[in-house]
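Only one structure is covered here, and it is reproduced in the block below.
A, B, C and D label the chains in the order they appear, each numbered from 1.
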């Protein structure tokens, strides 16, 4: 049953998490963007903040109202919290004859994240599939994922860069959350999505939401869906992309692309990472680390003496064909959840949707794929 | 706690063989008895070999899967880690984790003729497959082993080839792009030899490993000689860090070389083979 | 020997000095016939590079003049430019600049005391040899140097060519937690810094007495760093803008560094000059430590430079603690800038002494001309003078090796940026 | 693990520079003593070891070549060193002082600075070490970090080629959770074309990167210049972005000159 939570009660929710030993992370304004950091109290939330996004441009403004979630997203949300940008995997220590190896697992604490979007949940499902459901589950990701409590907030203010409707991943959070809120003028409607959510909700003791509020919430989300301007040419572009590997557009976009890798690192589903050793000066110990990598990086496709993807056009093509194409082979869906981050945070203002249209348009079977 | 797929296990170098100027074989033994008994692999699989303080590299397993004592890796010194590995001596230790990947289709090959085509160091991953067949010689048809090198002095495993050539119903054909006077084999491309190769067109399986250009040409030539594309297998190579399908480096279109390969059925990779950038 | 610079040039000179140095000494009939501290450091012509640059690029550019005291270059530059724009960045920025400078004094002084100077007085060739016998002292020195670097990092992200300073303030204000964590560490190290003063004072330093003029900044209330008037113990008292009226730079054939005289005479800048003039500006605890050394300030013995350096290091530690105790995150780390045209001056106390800058900014907020007078070129003439006096007192008939070591010790004692080069002083003594 | 018993000999040499890169060693703290225990420091003037002509295993070279005498010195050092590593922007790309290169009026500059220019022996150009001798490893950065220096020493002692990376600063920026200053503030940040290694310090401080680590592997300076135009920068300003600390690095000097040509149009 949908409940109603007046805005001041949000602090109570945070207090419940604190009592239960959770670290709370939520959106905050920092350095001109919405970033997810440890939340001290509701006062840290971006009250009255609006975002305006275009390819290569992100600006915040202050509306002066009481809304806390009236923006679309920031450069990151869940990914860095679970798939660490850089972390040690294990440590080798020299011995008389060889070395010993010791796992370095992250210290984790139950984590509650407030203000997760539908696209973030979709991306999380994909990362879960990659890191947890394969033949070799990743213990580092698993450790962080274990006690995660997710409070989704349905998106009511998508940015011009958003296209989650087109990918089918938003703006309405359908699954994967413990609680889902929709922000109204004076408070939130609350739905629960799990046993854990139910327990927390019970502690909050909220009244059922009036039908008018439920309708207002639904309308806000419907309206959010209706105002999205961007789309992808289809849900499955695998064939369209792989039959256009020599399209002139690859050269065109390569002339603009900086090969800086921002798109892949803000993408909530990209999972590439590099491993390497960092030995101590005296050689007595060596820490084996991993960190986010990207198919735009120098060494991503390097094999001794040979660059498999020497030029920017090869790298951009890898990004797009993987994200929107071969992802289907690997994980049964597209790797894009329509969050628009790769557009907004591309310093060269490259718009993935526009490139996809330019390359796939004219591939006849698009309609059928949808 | 879950097992950690990233942890290497210590292995000691029991013997080191210099195969050619830059190629050497390390014969390894796990330090922990438990690993020695637990570890088993299938021909064509590979390990991640860790050099202390430097990093890990994927290296195919050369030894006989039934040899429980030693694990052999033949390595060419080409860069940071492999150069470092080249400096190790017997008694030194490396880290091993694995085995990884899908190996050669030796079950599927039973009862058929087998053509093994390798180029350069591509011969290494094929060795254990050949040994496997030779141990079960009666279960397979004709065995043709074709190996090509650029220069004749780069040929390694000469003694092995000689021994294999003496096995019944087994043919060894060697090719070098340029050979010296003592070169017993063909001077020219590996693919030239295909015209001379004899096998049962309808019941043959080909396994290939080597430079991609060579494999593409060879696959086409074999297909032309009537070998079914489903019966042609290639072992592929891409940059690799984790070997368990998570790091993303070894992608080849939709395939991960580390877990979907390194050995692929030709039709599964044919579409992207030879296209620059994949 | 000296030649006056043509004053007609309105793009004056910066010749870098850190680096290659040599000493030529000619002794004849028991007299020093010729003594030349030669500096070969190739000229890098920064003053020309600065022309046409935007005012906002200046702090990043001038840092590159010296890797050991980049903060000093940045501070003199921003003060000069702000004086043109008529900008007052306010108390927070002022305090943080002082903190920033404390970091550099601590780092640079500790480096000089331990890595460059002390081995001379304890009879070692290098700090590494010294560490064998004095591991605790060397560790203490390295730790203090590290703390200085950490202060610079707090405000500048890195200790060499920090990136945090700008015209108008800083690019970023440290978070309260970062400041608190550093404060904690600094407090814990205060006794070490205090102990360093006593240790430096106990070094066996040559006893000499020389007459020289100590030139430095003087501030009405505090020990000088970023602001003040240019004063000396011989009555100089001018605004920094008047520097060029009193001080003359000139070139000599044997050096790529320019020399500088005050009214035709050598003078001293740096820690000893500062302490000689500003002793009573030290807070009581530090002044007490300075007095306990047994040195009678003002001191006429240039070798007391190392003691002065230790006192200043201790002072910078206490000052950093004081500034961090009052730390609060400001609403903005810098003030709005409206570029203006004009000429402005900046003079701050680099670890090695006054560093004087003059800029002319044109209509587009670009540098029309720049002039920079670094401390080492100001001390150069004084070093040569000291060398003469010290050697004569030391005895010119001593063996080459001893003469050479004494010369090196004298030069290093000034912590010139050529200190590195004077470690391999190409010493030639001609006797006839 | 490939470590020979005889200690490796190491030298640190200085050419035209600010001394800042040597501090990567001198600022190691405790590590400096560790280093001294690990290797024989044959020559490192600032640390007190003087033997410029020593035969060494590893020579670190700071600074660019700007005088005739320095050409001789670098040749000697090369002859005496097994492995030569340049440290910093000066040694690797000519440094900020390469701004004088190609200045037609270079003698004029010198005489503007020196009353008696005839005393000044200086080459017309400031050039990187690689223009004069073979360089085995380049460590970029103005200044290089202790981490780079230590990693190079460690790897060489272990007998392996030192690991380096030429990825963009952006990658490190994103890993550190910095907010992009180009996208969120419209700052003309050089990060997308700049080599990683500093730890994305400038954007971490909310400001634009000024490329002190030199060009990244695939630096698309043409595209970034265009983007800067879009941010409202005049060609002359774009030129200054590229012609700064690493002005003589090929990709930057090309981009800078291209912008200057536009300015003259």
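Note that in this section contacts are C-beta pairs under 8 Å (C-beta built on N, C-alpha and C of every residue); 3 or more make two chains touch, one makes a residue touch a chain.
None of these values were measured; they are calculated from a predicted model.
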Taking the mean of all protein C-alpha atoms as the centre, the chain whose own C-alpha mean lies closest is D
Whole-Å gap between the CA centroids of chain A and chain B = 39
Using the average of all C-alpha atoms in each chain as its centre, how far is it in Å between chain A and chain D?
-> 37
How big is the gap, in whole Å, between where the Cα atoms of chain A centre and where those of chain C centre?
-> 51
Distance from the mean Cα position of chain C to that of chain B, given in whole angstrom | 65
Flagged in chain D as touching 2+ other chains are 1, 154-155, 158, 163, 206
Residues within chain A bordering two or more other chains = 94, 276, 279, 283, 293, 299, 311
Out of chain B, which residues touch more than one other chain, so two or more?
-> 52-55, 79, 92
Every touching pair of chains is listed here as A-B, A-D, B-D, C-D
List of chain A residues in touch with chain B within their complex = 89-90, 92, 94, 97-101, 103, 130-131, 134-139, 142, 242, 245, 270-277, 279, 283, 286, 288, 290, 293, 295, 299-305, 308-309, 311, 313-314, 317-318, 321-322, 325-330
Within their complex, chain C touches chain D through residues 3-6, 9, 11-16, 18-20, 40-45, 47-49, 53-54, 57, 60-61, 64-68, 70, 111, 115-116, 119, 124-129, 131, 138-139, 142-143, 145-146, 149, 157-161, 163-164, 166, 171-172, 250-251, 253, 256, 258, 417, 419-421, 423-424
Residue numbers on chain B that touch chain A, as the complex places them = 1-10, 12, 31, 50, 52-56, 78-79, 82, 91-93, 95, 237-239, 241-242, 244-249, 251, 253-256, 259, 271, 275-278
In the complex, chain B touches chain D at residues 51-55, 79-81, 83-84, 87-88, 92
Going by the contact rule at the top, pick out the chain D residues touching chain C in the complex.
-> 14, 16-24, 26-27, 29-30, 32-33, 36, 41, 45-50, 52, 66-67, 69-70, 95-97, 99-100, 109-110, 112-116, 119-120, 122, 126, 142-143, 145, 198-199, 201-202, 204-207, 210, 212, 237, 240, 244-245
